[in-house]
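Paired with chain B in one complex and with chain C in the other, chain A is shared by the two complexes that follow.
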Partner chain A sequence: MKSSNVLVIGGGIAGLTAAYELAKLDINVELVEKTPFLGGHAARFTCKATECCEKCGACMVEEKIQKVSQNKNIKIHTNATLNTISRNDRFYFNIHINGQNKETDVSVSKENDISISADAVIMATGFTPYYPAKKPYGYKVFDNVITNLELEEMLRNNNIAVKPSDKQAPDKIAFIQCVGSRDSKLNHLWCSKICCASALRMARLIKRRQPETSITIFYIDIQGFGNDFENFYEKAKKDIKLIRAIPADIYKVENERLKLEYFDHLLMQPIEEVYDMVVLSVAITPKNESKELADSLGIETYDTGFIKSCNKDDTATSNGVFVAGTAGGPLSISESAAQGAKTAWDVKKYLNKNQLEF
Partner chain B sequence: MNFLNKIIMIIGSSVCALNIAKELLSEDKEIIIVSKEKETSASIGAFKALSIKPDRILSGTEIISCNGTLGNFKVLMAKNGEFISKEVSDIIIAEDYERVHNYFHYDIKASENILPLSSLAGSDSYIKSTVESLPAGGKIAFLTGIGYESNPLIAEEIMLACLKLQTEFNRQTYILANNLKVSGNELEKLYRETKKSGTIYFKFTETVPEVKQNKDGQITFEFKDEITHHNFRISPALTIIDETISASEYTKKLAAIFKLHTATEGFLQTENVHRKVVYTNRKGILAAGPSRAVLNNTEIKIDSVNAAALAVGAKYDNKNDQAGTAEINTGSCIRCLTCYRCCPYLAIALETRPVVMSDSCEGCGICFAECPRGAISLKFPDNRNIPDQIKQYADIQYEKTSSPLIIAFCCSRSASRAKELALSMGHNLPLNLKVVEVPCSGIISIEFILSAFLNNAEGVLVLTCHKGNCHSEDGNIFAANRVEQLKEMFENMNLKKERLEIKTLASNMGYEFAQIVNNFENTIKTLRQSS
Partner chain C sequence: MDPTEHIINLDEIDHGIFRSLPFCHGYCVTCGLCSSSCPASGLDDFDPRKLVRMAGLGLKDELVNSKWPWVCTMCGKCEHVCPMGIHIPDLVRNIRGLRERDKVPGILQKGIEAAIKTGNNLGVPKEDFIFIAEDVADEIAEEPGFEGFKVPIDKKGANLLTTIHNKLVNTHTEDLKHWWKIFHAAKEDWTITSDNWEGTSWGLFTGDDESVKIMAGRIVEHMNRLEIKNLMWPE
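Right, the complex of A and B next:
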């Protein structure tokens, strides 16, 4: 039996899981990652454990990266962009390695342009965080307005939340949910799924490490559910102020502080409140490059721009291109991993079927 | 392992169980279905339509007990008062949910014009006759998630029903809710469609609607809308109450029979982040779909494939690569059964004496550290042994003036990875910090800690996963109890208990790792000066 080669595009949690599961089935994998690092967005997330593990899954990434890096069946190409991809019975693709590769791992290729062929392709290209500059929240204008992803990274690297303006701990933090999600003006008719639980967890983490901080979350509907969410939510409500309203504007006031304006439905009047730092929970949005890639590989996309995943029962109808992870829509870390594993098995079935036909 | 006789048992007849069966059959695997459902039920009928031998579909059958290990489970069942025994290689539990209506949340009593949500999921003709029996122009209200949290499955059912009632039956619908769960499955779009079709939403954040029910069971809602501040009174011709989806009583029973860890709601698994989603604490026993969590159809499909893949041949790789396997020295064992009681993986079988079933052993070392007779050893694949590793540091001559020798026992899944991350982040670590990497903190015995001190360590750190994050579920708790015990002993003996510390970490906490070890070094340095 000839050994199969599978191209995995994207080294985030879905791509890493798919690559690792394929490798375990003795299938060779070419893992192509655009950035210099594996792990994707989740590799920059913080552990959100307070009195106990909150099951966010962010710690899984380190383990996954280690397993993938050590596996001989996986060839990792970081800093790599896909130049061309074509199909003629098999898939032929050309990748360009940008700059000098810092990784010392022997499996990392050093050449600048590489041509490889594959029997199947997994698109695990991930998402683009919504860039909130068009929202009236002063992102990139006011120092102390950051995104939830930037807060994740801050907590991971420094343990505590600090204001970007002066590196001091903020007294009052506001989270604004659904920035770019559930937004008909942007035609973003989806909920990004992970931000409510993530904001609540980060808020509780900050409260634990910086108990003096007062935290408010502005929201539309709190989306968490399932295993023990109710208990968690009750605990969160005790520590955190939850306001069901989405602020209209943010203005800068003295000392780089931020004035939020929102409509209080109970009082039937607009309220102004000053915070030291504002965290925007930005949407998970489809990547533009993913759509182009999907088009060139003959894969359909939803109206939303996310890619239709191949969840068909019969893999024989598949054309050899598979989709995993947030390229297909918002998912949590463990959901991305589950989908990555499932996709690996779908690919294996597809390869078996194809080999029988040869 | 006996691969010749590989029959895979599926417990349950849910949609998920059916998907798994199809998946396994397409791989030419022999399967056996065990379900409590009646022979004549629709769900059993779906299995009959597949190419499964009739005697391999055990309907009306309940699991009684299970013995054995991966590759060789012996399952005892009961059908019509008779016992049946089967030998199978793997077991996949895919039991359906239980749905309980939430009448009590709203203090509503059952009556003609009140229905639980699942009754609308029935046939179209039932919905038609139900709606047509309502008085002309009669309105329909849905109550969901007020005073408790619902989920997207329920939200989807309600919104689909509203869309149908509005567009096909021209009925005015209301949804009275708190948090409307629209995460996933294009539910936001559906939400917009229902609004467009005329469904009116009332959201209750700070208030709750007053529910009045008269003698005939007729319900009236009275409330002041939180947004418009207008008073409303709605007397719907039909009120639909949502349901709570939870693990069935039988699933909970199965957890007890198979000794599986469960979440608070009784679902199999504890959402342990170190495990693949369908894994349980027992190798060879998988929990898929509705038996492990509230999942939508796509997620159930993913679970089906993942469970089938594991049972068919994707390797159970959960074991830490460098973890060992426990072995019981029969000469020293006094059959106290401590190992049997503390093994989270049920890898100890009770024969004439306790025996380790090596296929199920994950090498966490809890039994090794807990055995009062020291009768258990761990064989590591690389012949490594922890006592030697501790000793090797004693041979190095440490200048009294330089940094003190600190031995840190680090769990390979969390603290060891955090140490690497700390270094790659550019943090400075104490000069003489020596790490003893362990497969799970459950292995860190009192003897290991004392041995570290005996071998010249001035301070010992035990670095474990966070509570609820241990791959072995409570290896970290065992470690914490031992440290607690030692600290108490140190205090009684007038030794500085500050020389021993336990902290919890995750693999992505590089900063925290650096802080913990550097602070600890400072503590030890201070102790040195004061002594």
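Right, the complex of A and C next:
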């Protein structure tokens, strides 16, 4: 049996998992990652364990990077851009390596342009976080307005939350949910799925490490997923203030503090409240370049811009192209990993079937 | 309190009246941005989010009889921030229009009726109006640089027609002067009309499309009759 070659595009958690699972099945993998580092967004996320593990999945990434880096069946190309793609039974690719990268290069070849052929392709190109500058919250105007992803990174690097303006711990933090999600004016009709749990977990983490902090979450409705969410939510409600309204205005007041205006539907009056830091839970949105890539690979995108995967359990319809992770829509870290593994099995089934036919 | 008394039986609701409106209120995700942005929310417990939800539930009588549609200032900030593009001011205006005309609050309906009958909200007779306009013009003519100033009334073939807010004829005649002096200084070929000069159209606020049509129609009539191409409608 001739050995197959699979191209995995994207070195985030979905691509890493797919690559590793394929490698375990003795399939050769070419893993192409645009940035200098493996791990994608999740590699910058913080562990959110409080009294116990909160199953956020952030720790899975490092473990996966290690396993992938050590596997002989996986060739890693970081800093790599996909140039040309053509198809003649197999897929032919040209990859351009942008400079040398010693940290993650395990078996990367020295040349700057590499031609590769593959029997199947997995698109694990991930998502783009919504850039909230156009929303009325002063992002990139006021120092102490950050996104949930920036808070993830801050908590990972510093362990505690600090105000960007003076690096001091904030007394009062507000989270604003659904920034750029469920928004027909942006053509983003979807719920980004992960932000409610992520905001609650980060809020609880901050409360545990900085118990004096007061935290408010402004939400539309809490979208909880997973079988133990209700339990977690009940715990979170005890030490986090949850307000069922989205503020519409932000003003900078003295000491780089931020005044939010919202309508409290229980008190039936407009409220102004001052916070030290405001965290915007931004939408998971499709990547622009993913559509182009999907087009050139001959697979469809949804109206949303996310990539359509082949029919469930019918790998023949895939035509050799598979989708894993948030390229197909909002997913959590563990869901992305699970989908990466499932996709590896789909690819294996597809390859087996094709080899019988040859 | 019996909690069941507040339960709405969804099967008994008639969504018909609101469902046909093109204001997209059915898309509401209840985010509350409208209420957070609203300068009038909280007045008489006004909550735009609840108003939109009530329309979604088809609670017609509750909305039509409520003060809320009349608390709204129609500023449109809610619509601007609404992520679902719901036309909330249009919805509010439509609800206002469903109220019986004799229950329209304040002087709005009286003003409309006077305007339809007499040509202006205050029922100022034509002779009085011409007298006031010429009097104001005489006062302007006394100021340096405006010697010989006259107000052109019903001037055929003028370049610009301007309407007048009734308040400016009644109590704020000083405010007429600013406009007219600017026209003079700019050497504008302008005119006003002796009949139906009213620029306000309160049907816009009360949801009365018929009266809005009549008021706008009169201006169009003036422009056709006097062969004027440009309109300044300072409302």
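Remarks
Keep in mind that, in the parts below, the second predicted complex is superposed on the first by the 351 of 358 C-alpha atoms of A that agree within 3 Å, B and C clash if a C-alpha of one lies under 4 Å from a C-alpha of the other, contacts with A are read in each partner's own complex, and residues count from 1 in each chain.
We adopt the following convention: a contact is a pair of C-beta atoms (placed from the backbone, for glycine too) under 8 Å apart; a residue touches a chain by one contact, two chains touch by 3 or more.
Note that the coordinates shown come from a computational prediction; the quantities given were computed from them, not determined experimentally.
Overlay on chain A: chain B and chain C clash in the combined arrangement. Once the two complexes are laid over each other on the shared chain, residue contacts for A:136 go to chain C alone; chain B is not touched. Look at A:59: by the touch rule set out above, it reaches chain B but stays clear of chain C.
Once the two complexes are laid over each other on the shared chain, residue contacts for A:221 go to chain B and to chain C alike. Within the superposed three-chain model, A:265 lies in touch with chain B and with chain C [touch as defined at top]. With both structures placed on the common chain, the touch criterion links A:247 to chain C but leaves chain B unconnected. In the superposed pair of complexes, A:172 makes contact with neither chain B nor chain C. Of the two partner chains placed around the shared chain by superposition, chain B and chain C are both touched by A:184. In the superposed model, A:51 lies in contact with chain B only, and not with chain C.
Touched residues of chain A were counted for both chain B and chain C, and B has more of them. Among the listed stretches 183-191, 219-227 or 363-371 of chain B, only 219-227 clashes with chain C once the two complexes are superposed. The intersection of chain A residues touching chain B with those touching chain C, taken from the two complexes, comprises 182, 184, 221, 244, 265, 268. Considering their complex, residues 27, 29-38, 41-42, 45, 47, 49-50, 77, 81-85 of chain C touch chain A.
Interface residues of chain A facing chain B in the complex, by the touch rule stated above, are 21, 24-25, 43, 45-47, 49, 51-53, 55-63, 66, 156-159, 182, 184, 189-193, 196, 221-231, 233, 244, 265-266, 268, 302, 304, 311, 313, 329-330, 334-335, 337-339, 341-342, 344-346, 348-349.
Note for the complex: chain A touches chain C at residues 136, 178, 182-186, 220-221, 244-249, 261-263, 265, 268-270. Residue ranges of chain B in contact with chain A, taken from their complex: 22, 26, 148-152, 179-184, 186-189, 192, 203, 205-206, 226-227, 229, 263-265, 267, 271, 273-274, 276-277, 293-294, 298-299, 301-303, 305-306, 308-309, 313-315, 317, 413-414, 417, 421, 425, 465-469, 504, 506-512, 515.
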